[in-house]
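Structures given as structure tokens follow.
Both complexes shown next keep chain A, but they swap its partner, so chain B is in the first and chain C is in the second.
Entry: the complex of A and B
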């Protein structure tokens, strides 16, 4: 009996180690490949090489990767700050001041979750064509154009409303007694109290924005405006691909999300799962 | 005097109250306006465009012709077929794996749980473009995966992952499963932690085996979460774009082209035909609505 349990235990560990190896393998391949020349990467060499500096140089010299990192940073940080501010404002409004009219509005917002982005790409592109005619700085081929459709999303409004349920309403009364305006209460009391919710929402939004591919691909046209995924995709699909520089570009541009994940793991999981509660 | 004060206060409150209501409406209407502008307005516009034909700005009204054309468009039918193959095979595979891993990694006495969980989840931090390219190199003809498979004698000749219509589909399924299994596992793990351990203890005392516990307790308790993940995965798979675009290029031929990619091609690669592309767009909306409704039904019924 005891023996049987022990073999079961060992089998579990062996299985989990095997699974972990499979799941980690692409990362391992990425890490060793950044120091290998193109030819070794296509041959599937699994040991590190001595080509790291050359790969880095080729990447810097032949691709607009550094500019794209800057663009992606602007887009992701901008989108994160604006969208979590606007969406949390709404979540707060819906939960703290509920009314029948607002429930109708809330349901309309939720309905937009059923619209897949793939169905939106054509009409959105046309809409931005119109916007370009009125305000070129917000339209096609601008970083504002990348952010604008995501200023508020049903998911974030929903997420903030759900989490506002845990916000102690006494604090609002306290704020009112102190003579704070509704916006004052929101900025000075709500935001500081809900820090973890903001962290969670911020992480998820940042990651989505940093990794977003389809919409930037449609709205951006000149390479100097490209975000990271566009540059990497272009690097990987040319006729002469330098695999070493593609790998190092992927490696460098995955670092921000990896850091966020490892440092803020707790909030990260909360941001994913929080909306379910 | 105190009466007077009260009155003044009351009047002030009335004004304040109105002010608050007004403010709270502002709070909720800002995002609503954005969502209407960037979701609903374009969708309504898309329907209008879908009743037209022509290139660029010169549009002629054709009624439902674009929708009729869908049924005879071989490229569209192939894209729908491919998308549904990914949907039918990938989602169940991923959900079963994710459930299995989450139950394994939820055991109290297991060591290094955190490490295992992190390793399985890690793919979810990569960008879809980045991991698609890594997979393309891993699965090239003389790439690592073929070498490993040949080394262990699973195959005699390399598999043409990218050049064979069947294997290209398998590759996409493997890739998506790698990327999203850990992501879904996190949802199940957090739901498992909310199950009262007493239920399992009672079952064990009653002599229920691990398998019985899994099917009789775990699955029913997780039903809402499974429903949630299967609906979000469905919406994701029906819109699949980044992977076929960067991993297989939709090929070989049209073997891995998805509906999203077809819409993209119709609008931005070929001579732009926004009217027809909008009709194809609506097909995705319809599929999402139907499949979500079915899953909702199935997910709720067996309660």
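Entry: the complex of A and C
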């Protein structure tokens, strides 16, 4: 009986170790490849080499990587803060102050999740062409133009509404009795209570924004405004590709998302399962 | 509790402002530039292109040469992946928003006809700026609509049969045995070499029909008719033969199959194949493996068993286009003075980045005569330039990649044992219904 349990457990561990090795392998290859010259990378070498400094130099010389990291950081942080604030306000409103009309609006918002971005691209670009004519600071080729379409996203509104269902309504009553305004209740009670939800939404939004590709590609024109994915994509296009510098650029840009994930991991899991202390 | 909330709010306010502020700055800058440009002469031209080691380098060299006569001139080169340049250009042109459009753009020859036909008002004709007769006909044709020339040809995708001569000699063959042969003969030699050495004869990706495009162009046909849209599949003898040869290579075991571009490079860098029949732009990737120096040679590409088929073809290559609008003349003049007529510039292109243009007068120059140590002392540029002039002209039409996708599925069915005529007939019908 005991032995049977043990073999079961061993089998589970072997399986899990194998699976985690499979998941870890691409990352291992990335780490090893940053120190190998292009030829060794294409030959599939799996041990570290001595080409790290050369790769780093080539990358710095040929790409505006540091500027693009700064741009990406601005866009991601800005988008995360603005969009979770706006979307949580909407989700809160739909749940706490419901009405029949609002349900219709909410369903329309949900339906908009079904439209692929590629179908919206050309009209959206036209719209931004017009915006550029009126307020160039918000239009084409600005970082704000990258963020603007994501200020309110259907997914976040939905996510916040679902989580607001678990927010104790008594707290709202208590706030009203103590003389808080409706916005005051939201800012002073709702936000602090729901911080795991905010953390989860924050991670998802930050990662989406950090990795966002199609819209920044279309809306940004000058290389000074480019975000990281655009720069890396350009590095990998050509008759001969210097895989060494591509690998090191990818490695550097993976770090921020990894850090954010590990720091907020605890909240992330809590927020996703929707628990509330 | 209170202080935490205040911190959060003020932090978000600051960041929000920072994001907006940055946007302001950036547009402030570009705004100034645009007013400068529109008020005076256009001294800075914007270019959209890809490939930092090839297209961008070539542009920088051209810019430097042009600056000797025009010291105020400069280029603003914007680099994206090729698919991204296509995506950006498509979005801008189809939405009719011209904010931020460049003056100059690179387009791959296979994609050019669909751009020229879809947005006929967008491109500026360049035929009067340079002597089109001095360029290989097939390159000029790729950028022409109804006798209007819209392109200045850049790199030729002239093909060669890149061969590991050491493997070949081990099996008792020499490079000469591969000259002036058909694909059938190529396969026969391949089987023999594979039997003797155990090394695969070539490598291919079943989803990328590049080798079929090479075969078709050597016979002067394409998978669309001359109107550029009607599919030419079921009755296309060249395509039929290409399918048969491909299956023969696959079934006889002489072909290695790869799935990704990096695997393709890996096979020859690792010495796992004897021949690489492809465009000359592969040279830099082959030469990465310095330990293989002296072990390579280049033979002309095999031809098909079809009347008129020649031992010369093309794979890939791009041309340069000018968009209509502010600065179109300045852009055309710059391109005409460099890519359109500068023999010495083409020598530098060969020497510095191994870029082969399609400009005939340039091939007389010194750079083309150099012997390549890596290729066993062969005058590779001379040979490739000679083959460039023999490449048959075909109309790439507007559906090269779309029909390729249909044919890739057809090829898979055929390799799995389906009847060839039936497979091609189905592909023909599918391509017609997509029109």
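The working rule: the second predicted complex is superposed on the first by the 243 of 277 C-alpha atoms of A that agree within 3 Å, B and C clash if a C-alpha of one lies under 4 Å from a C-alpha of the other, contacts with A are read in each partner's own complex, and residues count from 1 in each chain.
The working rule: a residue touches a chain if its C-beta (ideal position, glycine included) is under 8 Å from a C-beta of that chain, and two chains touch if they have at least 3 such contacts.
Everything quoted here is computed from the prediction, not taken from an experiment.
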{"item": "Simultaneous placement of chain C and chain B on chain A, clash or fit", "value": "clash"}
{"item": "Which superposed partner A:94 touches (first chain B, second chain C, both, neither)", "value": "first"}
{"item": "Which of chain B and chain C A:23 touches, first, second, both or neither", "value": "first"}
{"item": "Residue contacts on chain A - larger count, chain B or chain C", "value": "B"}
{"item": "First, second, both or neither for A:264, with chain B first and chain C second", "value": "neither"}
{"item": "Touched partner set for A:171, first chain B, second chain C, both or neither", "value": "neither"}
{"item": "Contacts of A:252 with chain B and chain C, given as first, second, both or neither", "value": "neither"}
{"item": "Which superposed partner A:243 touches (first chain B, second chain C, both, neither)", "value": "both"}
{"item": "Touched partner set for A:102, first chain B, second chain C, both or neither", "value": "first"}
{"item": "Partner chain in contact with A:32 - chain B first, chain C second, else both or neither", "value": "neither"}
{"item": "Partner chain in contact with A:211 - chain B first, chain C second, else both or neither", "value": "first"}
{"item": "Common ground on chain A, meaning residues reached by chain C in one complex and by chain B in the other", "value": "42-44, 121-123, 125-126, 214, 218, 233, 236-237, 243"}
{"item": "Residue ranges of chain A touching chain C (in the complex, touch as defined)", "value": "38-39, 42-44, 62, 74-75, 77-78, 81-82, 85, 121-123, 125-126, 128-129, 132, 136-145, 147, 187-188, 191-192, 214, 217-218, 221-225, 230, 233-240, 242-243"}
{"item": "Interface residues, chain B side, partner chain A - complex", "value": "16, 19-21, 23-32, 34-43, 45-46, 49, 101, 104-105, 110, 115-116, 119-120, 122-123, 125-131, 133-138, 140, 142-147, 178, 182-183, 186-187, 190-191, 225, 228, 235, 238-239, 241-242, 245-246, 249, 259-260, 263-264, 267-268, 274, 277-278, 281-282, 284-285, 288-289, 292"}
{"item": "Chain A - residues contacting chain B, complex", "value": "12, 15-16, 19-20, 23-24, 26-27, 29-30, 33, 41-44, 46, 86-87, 89-90, 92-94, 96-97, 99, 102, 105-106, 108-109, 112, 114-127, 148-149, 151-154, 157, 176, 181-183, 186, 207, 210-211, 213-214, 218, 228-229, 232-233, 236-237, 243, 246-247, 250, 253-254, 257-258, 260-261, 269, 272-273, 276"}
{"item": "Touch list for chain C against partner chain A, complex", "value": "1, 4-5, 8-9, 11-12, 15-16, 18-20, 22-24, 26-27, 29-31, 50-55, 76, 78-84, 87-88, 91-92, 94-97, 99-100, 262, 265-266, 269-270, 281-282, 284-285, 288-289"}
